[in-house]
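So, here come the structures, one by one.
Below, chain A partners chain B and then partners chain C, in two separate complexes.
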Partner chain A sequence: MSGMSSLTKLISTLARVSDTKLVLLNHSNVQIISSAKMSQYPKYFIDPTFRNDELNAMYETGEVKEKALVPCRAALTEHTSSEFYSSFTRKFINHVMRKGNKQLAREIVEKAFEVIKKTQIQKFHSLPPEKKVDFAIRDPHELFHQAIINVKPIMVLTPIKRGGVRYQVPVPVDDVQATILAYKWFIEASKDKERTVRFYNKLAKEIMDAANNTGRVVKKKLDLHKQCEANRAYAHYRWN
Partner chain B sequence: MIGKSVFRALNGRQEFVKRCSKIVIRASSTVPQMSLPLSSENSNPLPFFRSKQNSPSLHGSNNSGQFYTIDPSIKKQLFLYGGIPKTYDDLCKTFKETCMMIREPALEIMDYMKSTNFNNAATRYCLYGKIGTGKSMTMAHLLHYGFENNFVIVHVPWAPYWYKFPKEYSDCPTKEGMVDLPLDAVAWLIHFKNQNSHLLADPKLSVCQDWEWSKREITKKGAPLAEIVEMGINRVKHSTNCIEALLQELKQLSDLKRCKTLVVIDGFNIFFSDKTKIKTAAFEKIPPKRVTITSPFVDITKQDWSNGAVIVSVDDLAFFRKDERNTHYPRGLLGAEGFEHLDPFIPIETKNYSEKEFHYCIEYFLDRRWIINPHAASEEGRKELAFLSNCNPFNLLKVTAPL
Partner chain C sequence: MATTMLHKHRVSVLFSFGRSLYRRINVSQGEFGLQQKCSAYSRPINTLSASEAVAEIKNMPDESRPMPAKKPISKAMKAYLLQAKNYDEFMKKQNTEFQIGRRHLANIMSMDADTMTQEDIDQAIEFLFPSGLYEPRARPMMKSPELIFPPKKAAEFDESGRPYHSLFYTMNPNFYGLLQEAVTEYVNLNKEEDNMIRKRISFNSDMKIILSGSDWLSQEKLSNLLIEQIDDAQYEQFKNVMLRLAEHPLSNKVKDFIMKYRYSLVNEAALAEIPKPSYEKDGRAYVTFKGARRKNAYADVTVHMPGTGKFLINDCDIEYFQDIQSREQVIC
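Moving on to the complex of A and B:
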């Protein structure tokens, strides 16, 4: 009996762990399948809680007592309790980073946001007072969020081999993969520039264009969707 | 100064926030930022962080922390060739207005200048302080004050430019072992002419002695001072000699009470350093002492003339990166020789923002829409900004840039 209760406790704790799946084989046997691909930590380690509001909520519900007993992964450098923390932007900074130079990547992305902000403010201050009321200066983080939403593809083409021939088959893509593709396209588009143009200036322009549903990155997504539409005859190859 | 932040997850309460509460800052309103009315010089009544007084002569301690607006025409005349730091100038272009904070160091110097006996030798003020605390901005404020009170302005926006990024250098034909910076000298004369155009037309400013530039080119006694300036601008070969002549004339004219002179030099400590990027024709690197443009400006900061003031700033950034002395005090930056030259002087320290100044600055940024992130306007956000920037004016600009 006690064995069952300790097992159910373990199951309920592990069920809250983000990167494990539980498969109930029968009422007493549980197979734990982790969907995390590679990690220095064993599978049962939980993610750290570093945001003030989440921590306070944990204290209020009493969840902290349970979580304190479970081993926890170390918080990454980017996991701050800062008021200005945006997990979305942090992920993008990681993708921009080269050779582990996080500081440079962060500076570049922050400068791009500064440029976005400056162009908006300059436009705003050039307007006559009557028109200023209608002009909204959007937070660069919000603009970037909107840009990513506009650029995320729903389907991509994957090569599938059937009968010795490789077909480009349209396949739905999940949210995480779509976001990663979007990040990659932004970085590629910002790198494709003249020598004298700065990366952060190009990136700022691309973000502002994409937030308006125009520009080359959105065009790339639309081209991909067109190709998927064109190849829809091969869609059944996904399941053979 | 706020102590180090300590994040104790299991204790629960944020120690970081507790220690930041040393700065008691109340957000001015909980109104969402977009609906805040935009203020400008013309709005009536002015918000608390803006000053009604746009004339530096009328600034007092009751204006401390407030922003005053500089007229675009005055900005063009005074600061066209330098004077307002580049980062801040960028900001002014973005906001479509040039506003400066009225701070204690500037008020102090203006106060002294109002009560100085100008019959005595020219007082020397030395601005010092950590990087980003507002030395150049204070000088810009004082330039405006000098301009308003009809001082002849001798302004070097950033002296190290001559030694770090010289436009062109050549061996001096007349003085052996010295090197000329002809184009930089011409550029400075153009800057001088632009700043003092309204005073050079005054007939009282006439040359006190004959100046011979070459066998055929002479400026006679009694000619207008503007002639020396024009000679230097047109004849590049004689530009440094013209600067020397001009500054000597200004000293004499000030003594004779025909004008009053305000000397403002930013990065003065470079004149007493050991290194420049300038080389002789024989590829020998030389110190600033052997550059001809140094001596007139070192000479005018001496105490052998009256009816004027000398405001000088010392900055660690003036030196080359490898030679930085990691101090912000005048004795360390000027060295023995420089200190001997400048002593006695009145040292004025520029400091990081006080609580009040920080609050006013954040309000100004919010008003100009420089800070868009809604979290920054909240009390927690402000505490974080104060901590990240340590209330240093320059760092606050950098920290709020991506927000």
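Moving on to the complex of A and C:
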């Protein structure tokens, strides 16, 4: 546990001097500007609202009047008001996709979720009746969300050149970047398999393990954090 | 009526030329001379009204004390007035040239010169002088001289050097005049708010201006509007003052004033193009939109009102699309 305390110390010092961005959402007179950097749209174009519940909420609060005449970006083809829509999963599907084959990527991920659900049901039925009450069959989307939270790193190592030498310096990481790293690790772990094993089976296993805070992907995160802790002497190289 | 003996008398008279000015005039001593000159005036001056006194003193030939000579106009003033005159003449000339050019262009393009708009002129010039230049401002253009040449202020002070605008000595009278106007409106709104509170009238959100869909004029545009150079600090001040006014609960009353300094973000022309419905035999209304595009896809869409909820895509139902995402796009 001493390792944990020094780790938390490192995190706290980094957090104190970190330059995380604050996104202020002010509903009075400042418009909610989309943060996309390399966009074909001018900066004052806002993101579209395509979920029915969000839309109804806007009508109730009267926010509709403010937003009615503000120019709006076009909704992506992934943006639907479907019951099966999950913003986390759609981003992950994009990362799984290769060569623009969205159909295949979506099939893989949905099959993986099917496998997760099946294994849970199998587990449930294999339990004795007393333990069945405690066991909860969770939605695969929810499990995936939990897995991502468990796998997201707080800091990473970046190479910084000082005096001709490249040091691996621990640096705090953005929430979005951390999520992208988590997606990448899941895909890497699922690819590293025997020839006969299917990708979606492996992916399902990884997700379930990560949701329990065990398994390969979580280990990778913990290893990275350990390395960051080991390199904490170089932390000041971040600011020279 | 006995002539009054005007002894050494100091007369103070109030003049008013626009701004109130006080002048003390020493009436000359010498009773006899005065008696002769003032024989016509039997009343003492201090009972006269101001305007009458003015008329008197103006008409009084006072040879013993010469009137102060008229101040010669300074060279700077002369140059300034000459510049203003030259600019006016220049603009007049340009205007006449533009009008002649318009008529010639109408003749060439066989259009009616009287009903020709600036849009027609732009189209004609683009046709006659096609340009491959990327920058639109570098291409040949024929516009009214007010749009091309930067506007200049009319003479800001008169021949004696007295400025017309009360805020002239701020160097940016239009800008500070605008801020003063904003503050005046704010004070008036505050008074109205107090009245409403006293009468227990409730406030609703309709009384506050909605600023969404528009944005403040840029620094450059504001400078052009006010015909003055506005620097960064002044622009920030302008935005702060106007925002403060706009956040007042009754700001809808000064909507016209605020919207003068805002431009709309919405393409209003596009909003106005609402197609009119046609009617089928059984009375159902329908609208057909041709040319809905997305990338290289092209669609003609017909919507019926009242509808059944059913739809056909190229005479097939939802099965036309094999991809689940495409199907979701149709329904959700």
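Here is the rule we use: the second predicted complex is superposed on the first by the 205 of 240 C-alpha atoms of A that agree within 3 Å, B and C clash if a C-alpha of one lies under 4 Å from a C-alpha of the other, contacts with A are read in each partner's own complex, and residues count from 1 in each chain.
Simple rule for what comes next: a contact is a pair of C-beta atoms (placed from the backbone, for glycine too) under 8 Å apart; a residue touches a chain by one contact, two chains touch by 3 or more.
Keep in mind the model is a prediction, meaning the values are calculated, not measured.
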Touched partner set for A:H95, first chain B, second chain C, both or neither | neither
Which of the two partners, first being chain B and second being chain C, lies in contact with A:T77: first, second, both, or neither?
-> second
First (chain B), second (chain C), both or neither touched by A:R216 = neither
Which holds for A:Y44: it touches chain B only (first), chain C only (second), both, or neither?
-> second
Considering only touches as defined above, state whether A:H225 meets chain B (first), chain C (second), both or neither.
-> neither
Mind working out whether A:A68 is in touch with chain B, chain C, both or neither, as first, second, both or neither?
-> both
So, A:H145: does it touch chain B (first), chain C (second), both, or neither?
-> neither
Is A:K118 contacted by the first partner chain B, the second partner chain C, both or neither?
-> first
Where does A:R198 make contact in the superposed view: on chain B (first), on chain C (second), on both, or on neither?
-> neither
In this superposition, the partner of chain A with more touched residues, chain B or chain C, is B
For chain A, what residues appear in both contact lists, the one with chain B and the one with chain C?
-> 68, 81-82
Per the touch rule, the chain B residues reaching chain A in their complex are 7, 9-10, 12, 14, 16, 34, 38, 93-97, 368-370, 372-376, 378, 380-381, 384, 401-403
Of all residues in chain A, those that touch chain B in their complex | 48-50, 52, 55-56, 59, 64, 68, 81-84, 109-111, 113-114, 117-118, 121-122, 124-126, 129, 132, 136-141
Which part of chain C faces chain A closely enough to touch in the complex?
-> 205, 210-213, 215, 243, 246-247, 265-267, 323-326, 328-329, 331-332
Please name which positions on chain A make contact with chain C in the complex.
-> 28-29, 31, 44, 62, 65-71, 77-78, 80-82, 85, 102-103, 106
